[in-house]
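The same chain A turns up in both complexes below, where it pairs with chain B and then with chain C.
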Partner chain A sequence: MHRPEILQRLTRVIADSTTAPPDAAGVTEATSLESFGVDSLILIDLIFDIEQEFGVKLAAEELTAMRVMGELVSHLETRLAG
Partner chain B sequence: MDAGAETSRSETLDAAVAAPGANAAPARNRTRVRRPPGWIKRALMRHVVPEVAFVVLRTLRLSWRIRESGRAHYDAAVASGRAPVIAFLHGRAFMLLDTIRDRPRRCWFSMCSPSLDGDAMTKLEEKLGFDVVRGSSGAGGLQAIVDIIRSVRDRPGAGACLAVDGSRGPRGQVQGGIISLAQRTGGFVLPVTVSASSAWIFRKAWDRTLIANPFARVEVVFGEPLPVPPKLKAPEFDRLRLELESRLVALQAEADALSGRGDTEPVRAA
Partner chain C sequence: MKNDERRVAVTGLGLVTALGHSEPEVWSSLLAGRCPLRALKNHDYAGNKVCSGGEIDLAEFEARVPATLRRADRTVRFAVEAARQAMTAARCLPAEADKPEDIATIFGSGCGPTETLHASHTRFAEKGPAGMRPSSVPNGMANAVSAALSIEFRLTGANYTVVSACTSATNAIGIGFRMVREGHAAAVLCGGTDNSFDPFYYALWNNLGVFSPIADPQRAVRPFAADRAGTLLGEGAGALVLESFASARRRGVRIRGEIVGYGESSDATHLTGPSATGQAAAIRAALRSADVAPHEIGYISAHGTGTDANDLTEAQAIRIALGDAADSAPVGATKSYFGHTLGASGAIETIGTLLALEHGVAPGNLNLEHPDPACPVSLVGAAPQPLTRGLALKNSFGFGGGNAVLVLRRYS
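Here is the complex of A and B:
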């Protein structure tokens, strides 16, 4: 799966979970995860939504360490390739 | 020099350095208290306390006259075929563990804090047959909730139970983890509490742990299940958390009224 596709699907997943749904067109790899209003409880939603969407199991620590969408995209790209 | 002489000299030194005019009380406060070395305390908490607590709990339970109210709520929830998620307050956890374990379920997951107190509680719960995941609202709690969700989903017939007012309080204030857990597993939270006609209350503990005296009448009260939809936005999530909190407070009042006693302090800390 290519990075733009991962980013697009990830944006959709985040829009479903967060209090501040992103404007899909404006989301880039530099967009901060914090800007979506992701708190610790939304993180749990995200972990399972990402698992459902991509089939990748993330640990809470991995996700909390990420600051921007690009890091999450890279992580998923690596896991999906492996 | 023997230990007694050493203690006596340190007390004298403490008194000697007290500020002029200070009364005797502050000097006494500075008297060295001999505490067990860390490794002894750790060994006691990890190996002795759980064994003793297990025997005490089992022995006390044999003498208690236990009555259950609202049991139909539990039975209906289990009959639904969905994984039950049970919520209770820390102060009543010790008495409820054995009651919950008695439910006809193959496997119960619970969460204990990664502290030394948590080590003792983990060992006790494992002896009672629980599968314990370590974590708390302060440390590793997020991952612990994720792990419990995955475990409950992977084990058909499993349920989860949590003391919901954090690992260190405030007493009676429900943390959000239980809602996330229910969202992703059975879709409901079943509140439960307990009270007793006569009991010891650990007044200095933040959670005011209550343990029924031998031969006490014990009232276990199950509340109505609180439905939790799989998808929630923040305001709805918080509304459900507060709703569960209110239900637990009301349930505690009901259990206390049934037992004719309970704790005189409010369930919810200010």
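Here is the complex of A and C:
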């Protein structure tokens, strides 16, 4: 799966899971994950939704260590390639 | 006069209704006889026999809700916005220096988080148990309402949700009244909320046969009229802050009225069929609690759903409980303005009653061109009517046989 498609699908998942829905057209790999307003309960749902969407496992500590969308895209790109 | 530590003052009011999203807006609309009931348009209701009611203007409402609550169920969001108004007026927001300690949160909801339960059901149908989000339980539990309020306003007293159909909010206010009067809480945030127009929840009502088939929504709900044909639903929330008179005076907050009595009972007969005997028992219990005689009551805010059986039974109950004093206590019903807001109705209509007492005038009964001669009560007419006495009853009766009645007094 190519990075633009991963970014597009991630944006849709995040819009459905978080308190600050991103404007799909405005989300880039440089967009801060913090800007989505994720608290601990939403984080659990977000991880669940990402796992459902991409079929890969994601640990909470892995996601919370990331700062921008590009890092999450890279993480998923690697897992999907593996 | 009772000790001011035991007299229960209402110091905060908040409303989210089809008639308006603030107390002044709602009151001016009630006095003007403005009916907001309309064809439903927030979702697709195709397939329902009746598609009208007291629907919130969602665009205007959602603009008021903080982004942090976007994931909360709409039932919760209604409650938080109504509570924000009440807590602001009562100066009980977290930043207030002199707010009462350990404020309790006792809120009613007849349906609970309908939006979340609907979404969970859809996911279950599509994906089975494996598709259920981890937050399905905390967001979908009935007490998500009081939990969210407690967290939002940092309220550290008792925190639970009362679930008793259409008496939920009146029960919650009654419990809050007792907590303050008996010294169990310094203050209570109470009220009720319901999101009746989630498409799945609304469809549950489709074949129950209680909706008015009258095509014009503004003419459809006709409480106590000979030509009444049923009710329409509404949605929203009402919130009140209760505290002792001593606390309100010490803090210098405005007192909007007094709760002086609360009574409750159960019909113990039928899930949906009302009982005049059971309802009269709750009215009598409320009068005893208030130490008030029937002839002192100057206004009755009825449950008044506009269905044939409910209005007749309620009128009989009032006559049983008040006797001849019912002749001088005009009955008003405001579900023709708000729709039947279910578990929120007791709070929204209690606030309406407090405002009627405060202003000394009862809103007119919409669509009451032909009062039903079989209903043995005195009715407010189509126009607003001056109130000469400062005590009122607020009746709420619900599926399951629960009956709850508050006695309210004008503050002067």
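In this text, the second predicted complex is superposed on the first by the 82 of 82 C-alpha atoms of A that agree within 3 Å, B and C clash if a C-alpha of one lies under 4 Å from a C-alpha of the other, contacts with A are read in each partner's own complex, and residues count from 1 in each chain.
Quick note on the criterion: contacts are C-beta pairs under 8 Å (C-beta built on N, C-alpha and C of every residue); 3 or more make two chains touch, one makes a residue touch a chain.
Please read all numbers here as calculations on a predicted model, not as lab measurements.
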Clash-or-fit label for the pair chain B, chain C on chain A: clash
Which superposed partner A:Ala59 touches (first chain B, second chain C, both, neither): first
Partner chain(s) touched by A:Phe48 [first = chain B, second = chain C, both, neither]: both
First, second, both or neither for A:Ser40, with chain B first and chain C second: first
Listed stretches 43-51, 169-177, 241-249 or 259-267 of chain B, narrowed to the one that overlaps chain C: 241-249
Intersection of the chain A residues that touch chain B with those that touch chain C: 19, 37, 39, 41-42, 44-45, 48
Residues on chain C engaged by chain A in the complex (per definition of touch): 67-71, 131, 133-135, 138
Chain A contact footprint on chain B (complex, rising order): 142-143, 145-146, 149-150, 176-177, 179-180, 183-184, 231, 233-234, 237
Interface residues, chain A side, partner chain B - complex: 16, 19, 37, 39-45, 47-48, 57, 59-61, 64
Residues of chain A defined as touching chain C within the complex: 17-21, 37, 39, 41-42, 44-45, 48-49, 52
